[in-house]
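In what follows, structures are represented as structure tokens.
Look for chain A in each of the two complexes below; its partner is chain B in the first and chain C in the second.
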Partner chain A sequence: MSEFWIVLLSVSAGTVLMSVLSCLPGLHVYNLMGALVLGILALDGTSFAIPAMVYLPAFTGMIVSWAILNTIPAVLLGTPDESALFTVMPGQKYLMAGRGFEGTMITAVGGLAGAFFIVCVMAPLAPRYLPVAQQVLKGHMHWVLWIIITFMLMSEWPKGGNRGPAGWAKFFDAWKTLIAGVITFLLAGLLGFIILTRSPVSHVVAFQNIMPAFVGLFAIPWCLLNIISAASVPPQHTTTSLGINGDVVLRSVWSGALGGGIAAYFPIVTGGVGGMLAGHATAQRDERIFIMGQGVSKFIYYVGAFMLMFVPGLHLTRGGGAWMTKTLFTPLGWADYYLVIGCIAIAAAISYLMMEPLAKVTLKFINRFNYRHVSSVALAIILLMVLGVTGWVGMFIATVATGIGLLPVLFGSRRLNCLGILLLPIACNMSGFGETITGWLGLT
Partner chain B sequence: MTENKQALPGHETQSSEMNCPSCGRFVGAVTKCPYCGAKVEKRMSLTATRWAAVLLATIGLFLLWLMAVKRDVPVVKLGDIQPTMNFAQIRLEGEVKTDARPFRTGMGMSFHFTDGTGAVIVFITKKQMDEMIENNLTPKAGDQVSFIGSLNVSDDQMSMRLLSVKEFHLTRAVAESVQLADITKKLKGSAITIAGTVTKLEVPPEESKRPYALQLKDASGEQVVNFWQAEYEQIENPDALPGANVRLRVNVGTYRDKVQLTLGSGLDLEILDGPPATDDSRTPAQQAAETYRKKAPPRDFSRGRAATAEAIPLSDITADKKGHTVRVQARVASVTPPQPDSKQPFAVLLRDGDTSLRVTYWSNVDERIADKPVPGALFEMEGVVDVFRDRPQLTVESGYKVRQVEAAPAAPEPVAIASISAADKGQIRTIEGTLGAARDLGKGTAYTLTDDSGAIDLILWHSTVPADVRTPLAEGQTVAATGTIGEYDGQLQLKANAGPSVYILR
Partner chain C sequence: MKGFTHFMSGVAVASFGPWAIEAAMQGNPLFFVLGGACGILPDTIDFKFYRFFYHHDVYVTPDPINPDPQFVADEIARAVAIAVDEKRYVDVKLVSIRLGADFWQQYSVKLDNEKGEVLVKFGPVVNTGQVPVEGTENRYPAIGRAPLKTKVIQTYDARLKVDIFDGPSIGLKPLDNGDLDLEFLPWHREWSHSLTIGAILGVLVGAVAWLASGWTMAWQCFVTIAACYGVHVVEDQLGHMGSNIFYPLTKLRTPGLQWMHSGDGLPNFLTIWIGCLLIFWNLYRYQPDMTFHFGFMHLMWVGLIAPGLLFAAIRWVLTRGQNVAVVKGDGVDDEWNEMKASGA
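The block that comes next holds the complex of A and B.
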């Protein structure tokens, strides 16, 4: 079979498989990729060794399909990862109004627009301009990160304190969510220092060091809250048209591409942070633009970051997908770049076409089953995954991280603050005083 | 808030605490309605969960910290490392393969390490480097080390980042005690201990790039030990050096086919109270270290690709091959490092017969090259063919893809200028002589080089001879220059080789 057909089959298989799995709440594509990397390495050197021409297109298809179809559990089943942070509140509004299907489809259109942006705008320009930009910016990443952290912490607004008599009680009422946010950021940062410097996870699966912490910070708290709060989903309606137009699409691409681009390019900055920065920068007020923009942003964050590894002359490793793939494959030259861009285009098309039927199937599912039970099953899957890959030590880390991850949810601050787990230690390391702090902590 | 307001349409199925009792809107888990500011009562379970979360986070974090601090970091053999160990914090025990070299930027250093089952490059940050220099822990070839690092594994390379200087244990390699007269070129590349009386300390003039020269004498003979300002500042009481009895550990190298001794660290020099006694006893640890040395097979990093890139001769590389990954083998004609503070890459010119090829790579690639390309050496390089100013060039993207096949031949013995004839054109010759006045050639500088037998023009092209070699040269200096004999306007000339091809003798 020629390479063309091998690649086409691989990308299609990876896309279809991940499209279906994306509907499972709490399952992250990087967790599945991690398991596949383990399998590929185990087969390496045997007669069943899997060549790069098979796993590379499949990985690309998986990331693309997850970036688009992850909207289904994020909106309909309420288990978002942090990059879906902003879509949840407006998305939940759609869900509670019986328009969950429309909400997911608008986000998916955003993902499709993101695919066009990557293939038609980013791909031709990246090899020419990004290596230059990288040379200019690489010495400045540390202060950019500090500015992002400062903005993230300072842009959280007080959610109380505007009523009642003046005094400490009113002051505390205003500041308690902000204090909770800062405490969350610092605790997550402390956890990050421990995990990045002396991870208790076995060195044999060290490439999944951070996974239990992320699961604990983002996935488990959401499942727990769904189980405890016991919200019931009203009957959902499907539709044959969406309440958007060309203007909404263009404005969504503008804000989403900016947010996703920032997240994909800058180290440690994730889709949620990029989306927050872009939201402030572009000041888009329309809820539809907000939802669709996050679809664009999420696509560019996940897929664009993966693509950066293949840009000739750049080869920037950003995001978990790229880091895992790098353990198997080193891209060289234009052939690999064209391969990945082609795979992105094909996978995006297949994923979007699968979105509508899968969203309808999921709606039937949630109409039939209790929301609490769905969240319980999701929680069980997540915990089994953590236990399987990282063992009981990983479960312990996930438990501690869950404690931190529950703080913003329960105190009403931003869940983005949990990203202190990476932002704080990496910013300190980049600025040259990370070792001093780990020294104070007795870690080095 | 004494009376719950009726839920808005579509919200009727929610539990009462999910909707605002004042305005009826869906508010989820928050306790204050974001729309009207009314207080929203929650069931006890949610409030209790809050404080349970705070407790869980703080107690759990404390336990996790205890676990991390008390945990023994596993000792892992390089040969056992799998890609799934990427980012692992592990302990390595073995031998330093190359002396630690500071980065061009001065922001850290690196050394190569082997444990008998594989090899890896170890990166050290500036803070760690300063601490290691201060404590004389800078790794040198042959030293035994045990350290904790963070592993970085990718398809074609592996590296470690040192985590803690506190847990960096170093046992210096056995440095044989040698009489000064017994030091020969056979000891090249080894570290030795010498002792004697300092007869003279030559301090380099200010702004000069020349090293300090410590003249040492023992019962058998004399030698000169070179070191730089950084090492001088590390010496305890350097003012007491002239006339003092000293013992020092030096590295043996060669310069222009003569033995050259260099002091790696000022802390390796000890001023003695009296004349040195011969002592070649070694500690058990040092004896064990000596027997430990083994040659390890290089680790195979070819996973993920069916085979290494196609090996082709230089002449086959054309612009048509743009984007192709190829492997070439040829001699290095010149090496041009980037100008300080510039964004240029390293440029290496490979030559095979009449064909030449420009190879470029960035500083991060250079840092991983074990044996740096030098003019005359035979190298194998793998990279992607690119086109620069309509000519093909090779872009190398990994330091592990640059491998020395054969070292550069030693510089030839100096010859008298009168002995050079037109028959020597194209041959490499070394001449010792006195520099005349500098003449600007635009893209180069010319000097008349004179010895007792005659004179010849010495040409230094700026593109191949680095500025730090050209700048210290001045009229009246005695130098040794190595280059290729050429002819211009009927006159023979010596075209200096690329790199450090001209040395000031006096």
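The block that comes next holds the complex of A and C.
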């Protein structure tokens, strides 16, 4: 079989497989990639060794399809990973209005627009300009993290203090949510220090050591909230038009590319932060633009970060997908770059086509069963996933993380503060005083 | 402008200090963090501290069980009467109506000087994202009306809309001709939005830095804080409301240049983007051993002008002949709404 067909089949298989698996709540593409990397490493040197020509397109397809289709569990089942955090609230508004299909498809259009941006804008320009940017910015990553932390904590709006006469009582009522936000950030940061310094998760699944914490911080609290609040989802209907035009798409790309680009390029700045920046940077009030912008941001965060590893003259490793692939493969030049760009284009097209039938199947499932039961099943799948991948230690971490993740739910503060789990320890490490803190904590 | 815009402007201004870049290259993010924090600080002071201690003479608190527009209209008319009769400044608070964890009853107030009355209309129930809940638009068709004792002049063209979280405040200031001047959010952009306060803050922090690390650190902190705080005041002056620029030397807000609304997408994005380019330029200038070299104009061409032209061209191609309708903020009260919506 010629290389062309091998690549085409691999990317198609990876995309279709991950498209279906993306609908499972709690499963992250990096969980599956981690398992596959372990398998490929085990087969290496044997007669069953898998060549890069097979797994590289497949990995690209998996990441692309995940970046587009993880909207389905996030919006329709209420089990977001952190990159989809900002699509959940507006997405669930669509769901509660019987327009869940529309909400997910608008995000998917954002993903497709992100693919166009990567293939048509980023890909030709990146080899020329990103190495320059990297040379200028390489010594400044740490303070970028610190200013993101500063903005995250300073920009939260006090939810209380809306009634009563002026004075300290009103002030304290308002600051309850802000204090809860700061405490959430610090507790998540503490958990991050522990997990990143002395992870109790077995080294055999070291790729997944942060997974139970992320599931606990973001996905489980949503499930619990859906179960407890017992929201009844109205009958869902599909539509043939999404009510969008070129201007809406362009504005979404404009906002999403900025947020997603920052998240893809700067280490530890995740898709959730990218989504926040995308929302703040462009002051968009139109909900369609916001949702689609989140789709763009999410796509550029996952796929753009993976692509950076292949940019000639740059070879920047960003994101879990790139780090795992790097253990198997070192990109050599333009051929690998073009291969990945081509795979991104093909995978984005297939993923978008997969979105409609998979969203409709999920909606049928929601229409047929009580949403509380749907959330219960989603929660069960998530817990089984954590248990299967990381064992009881992972379950313990997920339980602790869930406790922290419930704080924003209980106090009405921002869920994004949970990202302290990565931002705080990594920012401290990059500024050179991480070890001092882990020393205080007795971790080193 | 939006909080993030002010924040990034502060970081951009901080990057002009060679000491900030030098410290950052040694792993110390202090000056950039100070820059961003001081860039957003004037709004933080107002929205997170001062407004909770600001006393109002009249609190208009509608009943959430039985919302009555006439009650709201009567209360506002009463506040106007107090200002006229007692010839004093009257602060009025329009309290929001919370209906549930995520639902709020929206209502709006219009002052009609031609007919000499205030009109109050209850709108739809909205969620915390300020999106109307379907089927609630016409639950309260009645309009509350009450006669006003005098004209209320709105130099700041705010539509008084109350929905999520906290409701807005208005100040009624007697004028010499007997009319009242309406000040929107009287506690906002008052003393906090002044260049002098920025300088004083710089001196205070500089004094602490002097005690801790000596003179060099002191003046570097002072310059960073005063400049980054000041850029917020300057940016706000491009809008409608203006700021009390030299408090305590000046007592009133100086009206803004009215070039933009604070929630406008393009000016906010352009400010952030240009700020990012300036930061990049400043980092480049102090980067040793660069193998790539470029000039400022080249950077602006590649980073701003060429992408801008490309964007405009694509937009023209995609939208020609179309009537593009995009939801925007509600005019000049959008800073209040934007702050609430974006910080949620």
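The definition used in the following text is that the second predicted complex is superposed on the first by the 440 of 444 C-alpha atoms of A that agree within 3 Å, B and C clash if a C-alpha of one lies under 4 Å from a C-alpha of the other, contacts with A are read in each partner's own complex, and residues count from 1 in each chain.
Here, a contact is a pair of C-beta atoms (placed from the backbone, for glycine too) under 8 Å apart; a residue touches a chain by one contact, two chains touch by 3 or more.
All values derive from a computational prediction rather than experimental measurement.
**Q** Aligned on chain A, chain B and chain C: do they clash or fit?
**A** clash
**Q** If you stack the two complexes on chain A, which partner ends up touching A:Leu277: first (chain B), second (chain C), both, or neither?
**A** In the superposed model, A:Leu277 contacts chain C only, not chain B.
**Q** After superposition on the shared chain, which partner residues are touched by A:Ala97: those of chain B (first), chain C (second), both, or neither?
**A** Touch partners of A:Ala97: chain B and chain C.
**Q** State whether A:Ile404 touches chain B only (first), chain C only (second), both chains, or neither.
**A** A:Ile404 sits against chain B, while chain C stays out of touch.
**Q** Determine, under the contact definition given at the top, whether A:His373 touches first (chain B), second (chain C), both, or neither.
**A** neither
**Q** Considering only touches as defined above, state whether A:His237 meets chain B (first), chain C (second), both or neither.
**A** A:His237 contacts neither chain B nor chain C.
**Q** Touch check for A:Gly432: first (chain B), second (chain C), both, or neither?
**A** both
**Q** Just chain B (first), just chain C (second), both, or neither: which does A:Lys364 touch?
**A** In the superposed model, A:Lys364 contacts neither chain B nor chain C.
**Q** Using the touch definition from the top, say if A:Gln135 reaches chain B (first), chain C (second), both or neither.
**A** both
**Q** Looking at A:Arg163, would you say it contacts chain B, chain C, both, or neither? Reply first, second, both or neither.
**A** Touch status of A:Arg163: both partners.
**Q** With chain A superposed, which of the segments 74-82, 92-100, 146-154 or 200-208 in chain C collides sterically with chain B?
**A** The superposed arrangement places chain C into chain B at 92-100.
**Q** Please report the chain A residues shared by its interface with chain B and its interface with chain C.
**A** Shared contact residues on chain A (touching chain B in one complex, chain C in the other): 93, 97, 135, 159, 162-163, 432.
**Q** With touch defined as at the start, can you tell me which chain A residues reach chain C in the complex?
**A** Going by the criterion above, the answer is residues 89-90, 93, 97, 129, 131-133, 135-137, 139-140, 142-143, 146-147, 150-151, 154-159, 161-163, 165-167, 170-171, 174-175, 178, 245-251, 254-255, 258, 277, 279-287, 289, 414, 430-432.
**Q** Would you mind writing out the residues of chain B in touch with chain A in their complex?
**A** 10-11, 13-15, 18, 26, 28-32, 34, 37, 45-46, 49-50, 52-58, 60-61, 63-65, 67-69, 71, 73-74, 76, 82-90, 125-128, 150-151, 153-156, 163-164, 166-167, 303-306, 322-325, 343, 384, 395, 397-398
**Q** Flag every residue of chain A that touches chain B in the complex, lowest number first.
**A** Listed in rising order, the residues of chain A that touch chain B are 37-38, 41, 44, 51-52, 92-93, 96-98, 135, 159-160, 162-163, 187, 190-191, 194, 197-200, 203-207, 209, 224-225, 228-232, 234, 312-313, 315, 323, 326-330, 332-335, 396-397, 399-400, 402-404, 406-407, 409-412, 432, 435-436, 439, 441-444.
**Q** What part of chain C is in contact with chain A in the complex they form?
**A** My answer: residues 2-5, 7, 11, 24-25, 27-29, 32-33, 36-37, 40, 44, 47-49, 52-56, 59, 61, 95-96, 98, 127, 129, 131, 134, 165-167, 263-265, 268-269, 272-273, 280, 283-284, 287, 290-292, 294, 302, 311, 314-315, 317-319, 322, 324, 326-329, 338-344.
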